[in-house]
Amino acid sequence: MELSYLGEDLSGTITRDGQLFILGNMVAEVDNTVWITIDGRRQQAHVALSKDAWWVHFAGHTIRLDIVEAGFTASDSGGGLTAPMPGKVLEVLVKTGQNVTEGQALLVLEAMKMEHRILAPKDGEITAIHFNTGDQVTGGALLLDLQTE
Amino acid sequence: MELSYLGEDLSGTITRDGQLFILGNMVAEVDNTVWITIDGRRQQAHVALSKDAWWVHFAGHTIRLDIVEAGFTASDSGGGLTAPMPGKVLEVLVKTGQNVTEGQALLVLEAMKMEHRILAPKDGEITAIHFNTGDQVTGGALLLDLQTE
Amino acid sequence: MLKRVLIANRGEIACRIIRACKEAGIESVAIHAANDSGALFTELADIVVELEGNTIAETYLNSEQIITIAKDVEADSIHPGYGFLSERAEFATAVIESDLIWIGPSPQAIIEMGDKMTARRTMRAAEVPVIPGEEVEGGIEEIIAAAAKVGYPLLLKASAGGGGKGMRAVHSPEDVREAAEGAMREALNSFGDDRVYVERLLSGSRHIEIQILADSHGNTIHLGERECSIQRRHQKVFEESPSVALEPDLRQQMGDAAIAAAEAVSFVGAGTVEFLLTPQGEFFFLEMNTRIQVEHPVTELVTGVDLVREQLRIAAGEEMSCEELQMRGHAIEVRLYAEDPSNNFLPAIGDLLTFIAPQGPGIRLDTGVRQGDAVTPDYDPMLAKLIVWAPSRQEALQRLARALDEFVILGCTTNIRFLRELCDHPDVIDGWTTTDMIERLWPDGWTPDMTGRILEVAYLAANAAEASGYGRKGKQSIIGNSSELETPFATLSRRYP
Amino acid sequence: MLKRVLIANRGEIACRIIRACKEAGIESVAIHAANDSGALFTELADIVVELEGNTIAETYLNSEQIITIAKDVEADSIHPGYGFLSERAEFATAVIESDLIWIGPSPQAIIEMGDKMTARRTMRAAEVPVIPGEEVEGGIEEIIAAAAKVGYPLLLKASAGGGGKGMRAVHSPEDVREAAEGAMREALNSFGDDRVYVERLLSGSRHIEIQILADSHGNTIHLGERECSIQRRHQKVFEESPSVALEPDLRQQMGDAAIAAAEAVSFVGAGTVEFLLTPQGEFFFLEMNTRIQVEHPVTELVTGVDLVREQLRIAAGEEMSCEELQMRGHAIEVRLYAEDPSNNFLPAIGDLLTFIAPQGPGIRLDTGVRQGDAVTPDYDPMLAKLIVWAPSRQEALQRLARALDEFVILGCTTNIRFLRELCDHPDVIDGWTTTDMIERLWPDGWTPDMTGRILEVAYLAANAAEASGYGRKGKQSIIGNSSELETPFATLSRRYP
């Protein structure tokens, strides 16, 4: 299974021995819950599966691992800027064709009664804007396209 | 569905109207949980299904409704005395053929570190004893047969 | 400071101690029998070791194995909790001789208080009043003879006893032999010691106990009382502090007597001196528990003292950190048992399909289980303790009622509804709480105060859930034809007194 | 006594009030928008009525509809909670004119304190010190002019504001216009009132607030302070009592000032007078909240007073039941938000697939949600409040850390880990808590202190669970080939300041 954490791919060879899963010197077992044994110490991990991710709680940490499905390619070098959550477009601060610099505010979104400014992650050119002021957007909706160098 | 509460059969005609279930002036809906509307007041019921029973929590009460399956007949007028839970037979106080009176102790069971005396529910004659002192019994096991008048 | 504590216990008290360790920055080691694998206390602990063996004697009572594990994992100390090995002087001795710190009083104090007959003699010597009765050296015939001297009604008690095990109330001479045999057998099974003695049954009394804390720097204090009068099968079900029966004067007297009792055995650690308080206002020493008690949270909420954390401090040789006794408001604990109160409190088993704890102000839950766990007949049926605090006794009862109404446990019969009805009972509200209360209120046994309406709701809810495929994988229906099943559950309406 | 209270609110505070009603023997009426159907507060209430309408203005802010429902269900009183209509004088007036009891202070007191600029003027008249600044009558140009007079850094604040809405910190003149426009727009959206005024930004100060309780029999008392310095986006995240910065002397002075402030507006009910305390030990009036506050449990745990129950008593015309102020131990509240603290606290949504609350001593959870609920963008992202009490501040921090470690929420990003790390931070332990603390400690934003080992465990656990068919109906595997998905989640590592 391909997983990523905050956009970073995770990997490692997991082998299976009956009911045991092994990664390096760590062993996992699954019954009603998931048990992880490290250096002879067996500890419980809480796990849950949402639509797009595995969630794991272990030793006071909560980790969300996004499931990376086949057939898609990340576009780290540019591409779409998506709405982090459902909301309403309060203001569009740029125009198609405009050059923007990293950190520049592109759009203001209202969600959960707060304003959120969508910033340019890198220098580049705005090649498309998909919403207008007042539009409702769903979480994950592509707001605008940014062509970076 | 046939259900019983403490051995008493429950009944009543439930009609279905789309997602609604109606019994008298009560209406039930089921989504993630069960909602009961009585006299216009909608309240939540918690329900869970175990192997043999539906469990319902409503208004601070917990009710266990045993599922009555087809092909069996209750034997209120006598028959088997079963172990209320798994345990060990500590002592058998009667013999086969013995006449016993209501309330007489028949057998002593140890379960959960406590002794429990199994009493005769009615006057009658012991027609069979299925376990000896020291035997382990499972919950629901038939301990002895009592023939009542 | 302690570095790594092995907890020689299970269930809610193991969880309580593990949490105290975590808060104190001490590592915790859980040990568990195979049938406790995955239990909540094993989830919370830093280190978990499975015990070999099948019976309790081979696991939680296996001193040798436990000490070996403690040395293996490099624990520096052992906390015994309550029950199990907590009052076994030989175990305390073995722990100390293995160069481990014993989180409890000296073996000598355990011996002097642990044997109930010895304790009676020690207290008499220290001029603490004891219940009229007879110590018995010998077997069944000597018990019967002592019973005749004490008079009826009386209580037979296991000298090594506790927790209601090996105890029998006897109301007339013709029952004494069977009762004594049962008490001796239960005592032997539970404690490996069948000695039983006789005490007068003081009807209408209250069970009042004083919490004691003593450190190795010579400080011995009391932390006020708990009243634990409401009992079934001689086990407490409802515990509160303060007691409505104690004015400051009497609290002072009983506190002083408790301190005297503790000092008589050079007690160090957390302990409880139990008394019976008669309707006439006399109090008699009952026994001293030389360990943390099930109902300790009641005192914690009223006094603001963290008793388990103080135990850890005291065991490490530090001074206790308590300031002057400051009792505030009112706390009540109820014990949630997997049992059927409508069937003479017969223990129950089942799966905790749903386990939703109440939340909000003034609520504390010390639980050994959580949703998804199975309740088996292997151990004591106590699942959890619900403790409430409020500014006054009246508000505490109201809060407890609210919390019990919110508590949802499905899949196993519990005493929640029984406890809930206690909250509303006029005698409970008025504080007329005595050790024979449950027999007094429900001489013919308790049955839930349930209207037919509730049963109709349940019937409708179950049918609607069934027809909707609720709680099943995929939708299906198992609705059969009319008729009945002879199952163990059909016996639920029978009584096993 | 009140008989039936309608709660004009939702979420955890609605649950809190419903529970207080239940304990007081008062019936509770929950009202809810369609998207709150089935929420915990609707489960707990005795009577539940769905509001018509889609927006907040049409539902929880719809005075007319709410009062109509109250009359329909024969409620005798309305409790507004916090937020929503709690500080709208017109609503209080409409409630009173409908012959319902308003559980709060008089509309006149709300007006005098609710408008922040009016309150500043009233306090100046009552000789309570206010923060240097300028009230502004007018629009954007007047704000910019006032800003120049006050000097930088400064705070723009909505006069009708609260909860950090319509507030902006401005550090240099070139940012003031955009900030003022944003503040005005947010103020208009949130409160229907775009007036914004200017205050000097007092860096390095502590937020100290005094809890006030006043009844209609002329008693006005204070219940000590809460320190709520740790804030993000001008919203409190970590609140405690007592404050390390207050000696008894200063507590007395600030308590007296708070009582004076309350009496200046003939305040009746539960309210809070907020102050900024500078590093030099000067304190300035910030505002008075004329309602119960989010962080009220901290005071309840330290003083033993049930504030919501006192509100119910006071509204019924009774005297408050509080005895002399008795502060004991230390309490801390943290607010659990559905938000991503590693991404500038951006609100998060998701399903609460797992929601396991910590248990045991000294823990209180005031939650509006439970396992199975969905977190939507419709409302404030606060899910619950976790409040701990312990004998000392150090032990309270240790207990909080333990409780947060036990808290398991899966399916929605929360700030639990952020709060957990706060417990261990030397500045928090030392009590160097100021309102600019989060910027001071994490100027470049917070990221979790996570070892690679934890990520490896998560990777292994997820793969093992996946391969075992855990959490799926039936066993299946969706393991695909190597490659990446462009999903909203791929944006999680981006920042939206």
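Chains: A, B, C and D, in written order; residue numbering restarts at 1 for each.
Assume a residue touches a chain if its C-beta (ideal position, glycine included) is under 8 Å from a C-beta of that chain, and two chains touch if they have at least 3 such contacts.
A quick note: this is a predicted structure, and the numbers were derived from the prediction, not measured.
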>> For the interfaces B-D and A-D, which has the higher count of C-beta pairs in contact?
In response: A-D
> What whole-Å value do you get for the distance between chain B and chain D if each is reduced to the mean of its CA atoms?
Replying inline: 49
>> Quick check: how many Å separate the C-alpha centres of chain B and chain C?
In response: 28
> From the C-alpha centre of chain A to that of chain B, how far is it in Å?
Replying inline: 52
> Taking each residue of chain D in turn, which ones touch at least two of the other chains?
Replying inline: 356, 405
>> Give me the residue numbers in chain B that touch at least two other chains, ranges are fine.
In response: none
> What topology does the chain touch graph have (line, ring, star, complete, other)?
Replying inline: other
>> So in the complex, the part of chain D that touches chain A is made up of which residues?
In response: 165, 182, 185-186, 189-190, 233, 342-343, 346-351, 353-354, 356, 376-381, 404-405, 408-411, 413-414, 416-417, 420, 448, 450, 453-468, 470-472, 478-497
>> Residue numbers of chain A touching chain D in their complex, please.
In response: 1-10, 12, 14, 16, 21, 23-24, 26, 28-30, 34, 36, 38, 45-50, 52-75, 79-87, 90, 110-119, 121, 139-140
> So in the complex, which bits of chain D are touching chain B?
Replying inline: 38, 42-43, 46-48, 372
>> Using the touch definition from the top, list the residues of chain D that touch chain C in their complex.
In response: 15-16, 19-20, 22-25, 44, 297, 300, 304-306, 308-309, 321, 326, 328-329, 356-357, 359-367, 370, 390-392, 395, 398-399, 401-402, 405-406, 473-474
>> Can you tell me which positions in chain B touch chain D when the two form their complex?
In response: 31-33, 35, 41-44
